[in-house]
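What follows is a set of structures to go through.
What follows is a pair of complexes built around chain A, which joins chain B in one and chain C in the other.
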Partner chain A sequence: MAKLPTPQELVASRPAFPDEAWLDTKPKFAPGSFCYPAKKETMEIMHMPNPHDWDPAADDWNLPDNWEQILCDAFAERLEKHRSLKLFMDICVRCGACADKCHFFLGTNDPKNMPVLRAELLRSLYRRDHTMLGKILGKKVGARGWDKEVVKELFYYAYQCTECRRCSLFCPYGIDTAEITAIVRELLHEVGLGTHWIMDPVKNCSFTGNHLGIKPHSFVEIVEMLADDCETVTGIRPKTPFNEKGHEILFLTPSGDVFADPGIYTFMGYLLLFHELDLDYTLSTYASEGGNFGSFTTFNMAKKLNAKMYHEAERLGVKWILGGECGHMWRVINQYMDTYNGPSPACMEVPKSPITGTVFENAASTKMVHITEFTADLIRHNKLKLDPSRNDHIITTFHDSCNPARAMGLLEEPRYILKHVCNNFVEMPENTIREQTFCCGAGSGLNTEEIMELRMRSGMPRGNALRYVQQKYGVNHMACVCAIDRATLPPLADYWAPGVTVSGVHELVANALVMKGEAKRTMDLRQEDLPNVEADDAAEQGE
Partner chain B sequence: MFLSLLLVLLIGAVAWAGASCGLTALFGVVLPYGAVLIFICGLVWRMVYWAKSPVPFAIPTTGGQERSLDFIKQEKWDCPNTKFGVFVRMLLEVCLFRSLFRNTAACIHENDPVNGGPRLVYYSSKWLWCFALIFHYCFLFVFLRHFRFFMEPVPACVSFLEAVDGFMQIGAPRFFITGGLLLVAVLFLLCRRIFNERLRYLSLMNDYFPLFLILGIVCSGLCMRYFDKCEIALVKMFIMGVTHFSPVSAEGINAMFFVHLTFVCALLIYFPFSKLTHMLGVFFSPTRNLPNNTRAVRHVNPWNPPKQFLTYAEYEDLYRDAMAEAGLPLEKQPEPKKAAE
Partner chain C sequence: METKKIFEKHKSDILSEWTEAVFSTYPFQTTGFLRTKHDPFTNPVAAMTREAAGILYDALSGDDTDVQTVKQAIERFVKLRAVQEFTPSQGLGVFFLMKPLLRKHILPEMAKGAGDVPACYLELESRVDSLTLLAFDIYTKARETLADIRIKEIRNQYAQLKRWAQQLNESSPLN
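Now for the complex of A and B:
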């Protein structure tokens, strides 16, 4: 990985707008500006159209011979299938309100990263083939035809958008760049162009049940190890039920939390919480992935990967599904799952918390409840004994993940929990949180190492807001409800606000959770010493 | 930009010349009939074109807290989960430009004392919202005021609008405040495009042309009212003739009137084929016009493809032995031969 510029250098090095009009400029595929291409074998095994070897840095991308026909037809087909696309192609007035709402634009100052121009890349093609004025007047009205350079440009900018939908919040017509980017990515996959970091997890998930390709026995083993760690910290070894029939609840969460630091601590948090509640639940090795990298490729792939959830719920005969902390997972569950693969299996019922009796009417059809909805309800009903002072060594802020914020409206639940498990909670500036939250800079399958500088740029607004509360209020921790965040925010924090750690909300819950019969806690879940422990001991001895 | 300006000037010049040469029937009768026909048919055609594509997924952009637990307050209008909530959200969007009201301007301070380095600051930026609102409402007001030319007797509500609009009682004929504000707002929107670097970079002819055209309409209208005064009685007779499909002679009407009318016709003709369809399109926008209730009510996709995925049975076939070894429950036990090994 190339050495990163300092934050000052990074900000100062953003180039001015080019002199040429945007229809005349083309992106340079310098190393670090693009994600590595998907392997041909991966595309083949997933039955993606036109798999081939290619290199983004090369002049020739080895597109199939009839690539133009494929793309024109695919675009026309998408227009027939999505009213949103027709509408978003037609009604943009280019008012520019979206421009400085995009984290990629703020970080790169590349005009084509203004959401309006990113959409114009496709709109220009639409004008030529689908509007009368474009057909007649061509370039004068911003219309252009397909050529190989245009394909490259679409690829470049479709992977400099994290589908975070911040622009769509500010757009007076609600034009959703995520929808446009998603469809551009679909088109590119039609001619065999995908990225390794996305297609590889897709392949894994398709065959092993999770993005990381962890096979069933290894998956169980890893979770057992995490349960052992739980025992080290609390003296209690939580149960780890797998693939068992006849339970009330199936628990699903991103596999990243089973595998990668600091997500594993969040996973341990779930295990401890469920154990303490004596929750009647099971995990699954088959549906061991909550996330859905398929949603970063095509709608059909998203559907395919998502189908396992209901299939497994039906096989195991559960009443409802509890979903862990994840961003795009919840975009798919909240807005797509029921449409893709519903209606839910007959064995399922409207979710009802077995502990508090609360019925989750808002999930009456999908039968899937977000873990923070579940836990906030527990806390509200006083079902958890919490000692927030165990988190006194941290001053935390909360990062709203794009998808739960703008595709679900999950804003208060995690805050409600945080305020009960931590004594020190500080919000970041108001234009960077809640529905106006900024992306971590690497969502939608861009959390790959080869574009690290780009990630630091696109993460600038988030990093900057974090830096502000760190300097001003001494914030040293950032909680989030997204597994991709837990992977992408630590390097972002190291770069923009060194010293800030990142965790899921349920890691902090488990730290504060006073469990029945637990050993005296001297460590947090990361097995780092808790503050005030020695002082307490001294006090006890003094008594 | 200059091309758009030239085009608009050309339209005006042609109309002026035409009217001066006595082609008033063409510019005053034929063109308006054609323009209105194209406008109405064009808009219907555009809406049918949009409506022909289904809405496969419910993708509302949530602008606030969802409805979930009883003790958490839902943002009913920014994140509605009911049809009524959506109605209010659309009303706020269409009548008050709710989304544009959120607008901020992001500014990078390279050496901020708090951050000890670069810091992004977000300033409230309501100018666009403010002038867009003025522009659209004044346009509506002016449009409604014009009904005094189309109706006899003039409806009371139109007279009332005129009275409100001329409340300042300046000049004779009385100065209509909306006309002046409309001019200011159009100029603001135009200047924004010309002087803001980002806007200038992304603006197309398609953006300048309607602005210049509307500027032309406003200027020719103001000109007729305050400077190159038209014989109002004649104009009204002429228009009443056209609207009652029995056109009368345009004898004695200024050429400026035909310039004004031709600009309006150009706008009507251009409208259905341009970004101006945002007027209707906003009602179709799936990020705004759908309730955030997708977990409670299933949204149906008419072209939902059949399910194709690795089923559990296939998965177990792939990993049965390893799963048995790990002690996982199985649907089908491994072959005894394997178990014996």
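Now for the complex of A and C:
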């Protein structure tokens, strides 16, 4: 007669000492742990190499016949092209400083999610073909050859890295694990392996300019709908200039702020702020996307999608570009844009705020200014009339989005703004903010719903810190400067710290902004009643 | 010996053995890290486990057994187990790992003088079952939340698009 297993046998089934080495333990492709594959048609229409149908949960991924040759050649080519990659492959001493810094490792406790070991998956392949010792001694020095299981393993772990670069901060050699992940993803795309959530926006961006593939006329209509909403709240309908030539500034922001809740309120914030300043600017339906999902596939794709920024600036003849609250958009701009598509068009000048006269020397090369730099400068020069008491029902904290924080050092400006538009601001614990900020857990194209479970564990360190300030200081709001954050942090908060709402910084700015000729505010941009407005005043307003 | 004193005497042993048993449900290469780092923000899994261990033990000993307080205290830990790569039995079964520890440390002392397993000990084991049932509620709710937020996220992504499409539909001359 069969015996039922004991609770101990059910729960603690792992042997005290593992039977196989870590490198030989292969991941299981359980639903909820991998992203859906890109469609063959999408890969074809984007001229990606070796498009084919495949299923991550299947045994056979239908790789092309000469897949090994393709991968070996592609890897060799990347090593030749990127000196940094070769350096990163050679230089790591496996000190382990990065090991416990990754939010994926902290959430999953999977050893291969230690950045050092995730990189080792590629480094072991590098050793066999590109180092003398590896060629001679093979496995003894940690070298291994390609096989189909290795390809699967690379896919599994390259999409369990959000390229947030927290680990790089702690690396004594400055190894940028995000670039290693980026290269692994590039290699995988060479054999036709991409994910739907990334490739679909890439395709849409290529054909219509934005991630959802919204055509220009619809895009304009949606923005106008948001302008109507602004009027409902403030009594003022902000202008929505589109594709107009001869303005000083082109404003670019991720399209998520136009389509997705709660990003739209941040977008309404921009519209109201620009209207109040009477800013000489235009929006564009061609460059209707600040985000760049190409940067999650290949460097060439990132370059292609990025090109429209300067193209449009040149076509419209603007002097400089103002950029909205976005994460990886700013990493691409700050670290790659000059190399990809620079120098900027001749019509462009070093950005100078038309309101305060401040010259943004930091943007002398790219000619692009981050909106929080712009607004912080306005507040510093006392150019905005603000009533922070309108946000008194909010106790906010600030989530440093990985890319603005670590890839461009944008740490003070959003805080400076928040402290002027909110009376209650609380920081999360210091080892979870600023340069050491924990990722939302779903950056770099991982913010898709099929891996929600994975996102809840990778975002757990952030959720945990948020929960702490919620319980200790009554924090009920988290501001951030990234469109992906605005999409991914609400579910994370719903799971780990229910009751905390998420918004962009400029939503709070517009809520506090006292505009010329505005109606008395009785509700915020979400059209929720402001609790601090006195009942009598509200009644008067209604009459 | 009085029950309370027995519990106090074995607290540190049982807590460390139980957290150790929970850490052992994670891969071998990771348990060392879980065991040695104590910052609640940079080693959250260990912090959550240790927090749950303390509360669990106090609840078992009869102190602080208000259901809401206990639920709140183990919530974070159960939510964590609910999204990690465990089967539901592995996720929640860790509570039952307390039983062999109680049998090892507490039972012999409680049974001193009495020949059989004393009733007070059986009650104690039943409390483990109750706590596991409370955790089961939290676990199920966490999984439901997970499903809800997936749906909510899909809706939010296209919220404005849907609103725009509805407006178009309303203003259509065909209506």
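List of remarks:
We take it that the second predicted complex is superposed on the first by the 516 of 543 C-alpha atoms of A that agree within 3 Å, B and C clash if a C-alpha of one lies under 4 Å from a C-alpha of the other, contacts with A are read in each partner's own complex, and residues count from 1 in each chain.
Following the convention adopted for this analysis, a contact is a pair of C-beta atoms (placed from the backbone, for glycine too) under 8 Å apart; a residue touches a chain by one contact, two chains touch by 3 or more.
Computed from a prediction, not measured in an experiment: that's the story for all the values here.
Upon superposition of the two complexes on chain A, a steric clash is found between chain B and chain C. Within the superposed three-chain model, A:Lys215 lies in touch with chain B and out of touch with chain C [touch as defined at top].
In the overlay built on the shared chain, the residue A:Asp100 is in contact with chain B and with chain C. Contacts of A:Ala487 after superposition: chain C is touched, whereas chain B is not reached.
In the superposed model, A:Gln335 makes contact with chain B only, not with chain C.
Contact with both chain B and chain C is seen for A:Ala12 once the two complexes are overlaid on the shared chain. When chain A is checked against chain B and against chain C, the one touching more of its residues turns out to be B. Contact with chain B, but none with chain C, is seen for A:Leu87 once the two complexes are overlaid on the shared chain.
Within chain A, the residues touching chain B in one complex and chain C in the other are 7-8, 11-12, 17, 22, 99-101, 106, 111, 221, 429, 431-432, 460-461, 464-465, 467-468. For chain A in complex with chain B, the residues that touch the partner chain are 7-8, 11-12, 17, 21-22, 79-87, 90-97, 99-101, 106, 111, 114, 116-117, 120, 131-133, 137, 140-142, 165, 168-176, 179, 206-207, 209, 215-217, 220-221, 242-245, 285-286, 299-300, 303-305, 307-308, 311-312, 315, 333-336, 338-343, 358, 360-366, 368, 373, 376-377, 380, 405-413, 416, 429, 431-432, 434-436, 460-461, 464-465, 467-468, 471-472. The residues of chain C lying in touch with chain A in their complex are 21, 24-30, 33-34, 37, 39-45, 47-48, 76, 79-80, 83-85, 89-90, 93-94, 96-97, 99-100, 142, 145-146, 148-150, 152-154, 156-161, 163-164, 167. The residues of chain B lying in touch with chain A in their complex are 3, 46, 49-69, 71-75, 78-79, 81, 93, 97, 99-100, 102-106, 108, 110, 114-120, 122, 128, 132, 192, 196-199, 201-207, 273-275, 277-278, 281-282, 284-288, 292-301, 303-305, 307-312, 315-316, 318-319, 322-323, 325-329, 331. The residues of chain A lying in touch with chain C in their complex are 7-8, 10-14, 16-18, 22, 30, 33, 99-101, 105-111, 212, 214, 218, 221-222, 225-226, 258-262, 264, 429, 431-432, 449, 452-453, 456-457, 460-461, 464-465, 467-468, 487, 490-491, 494-496.
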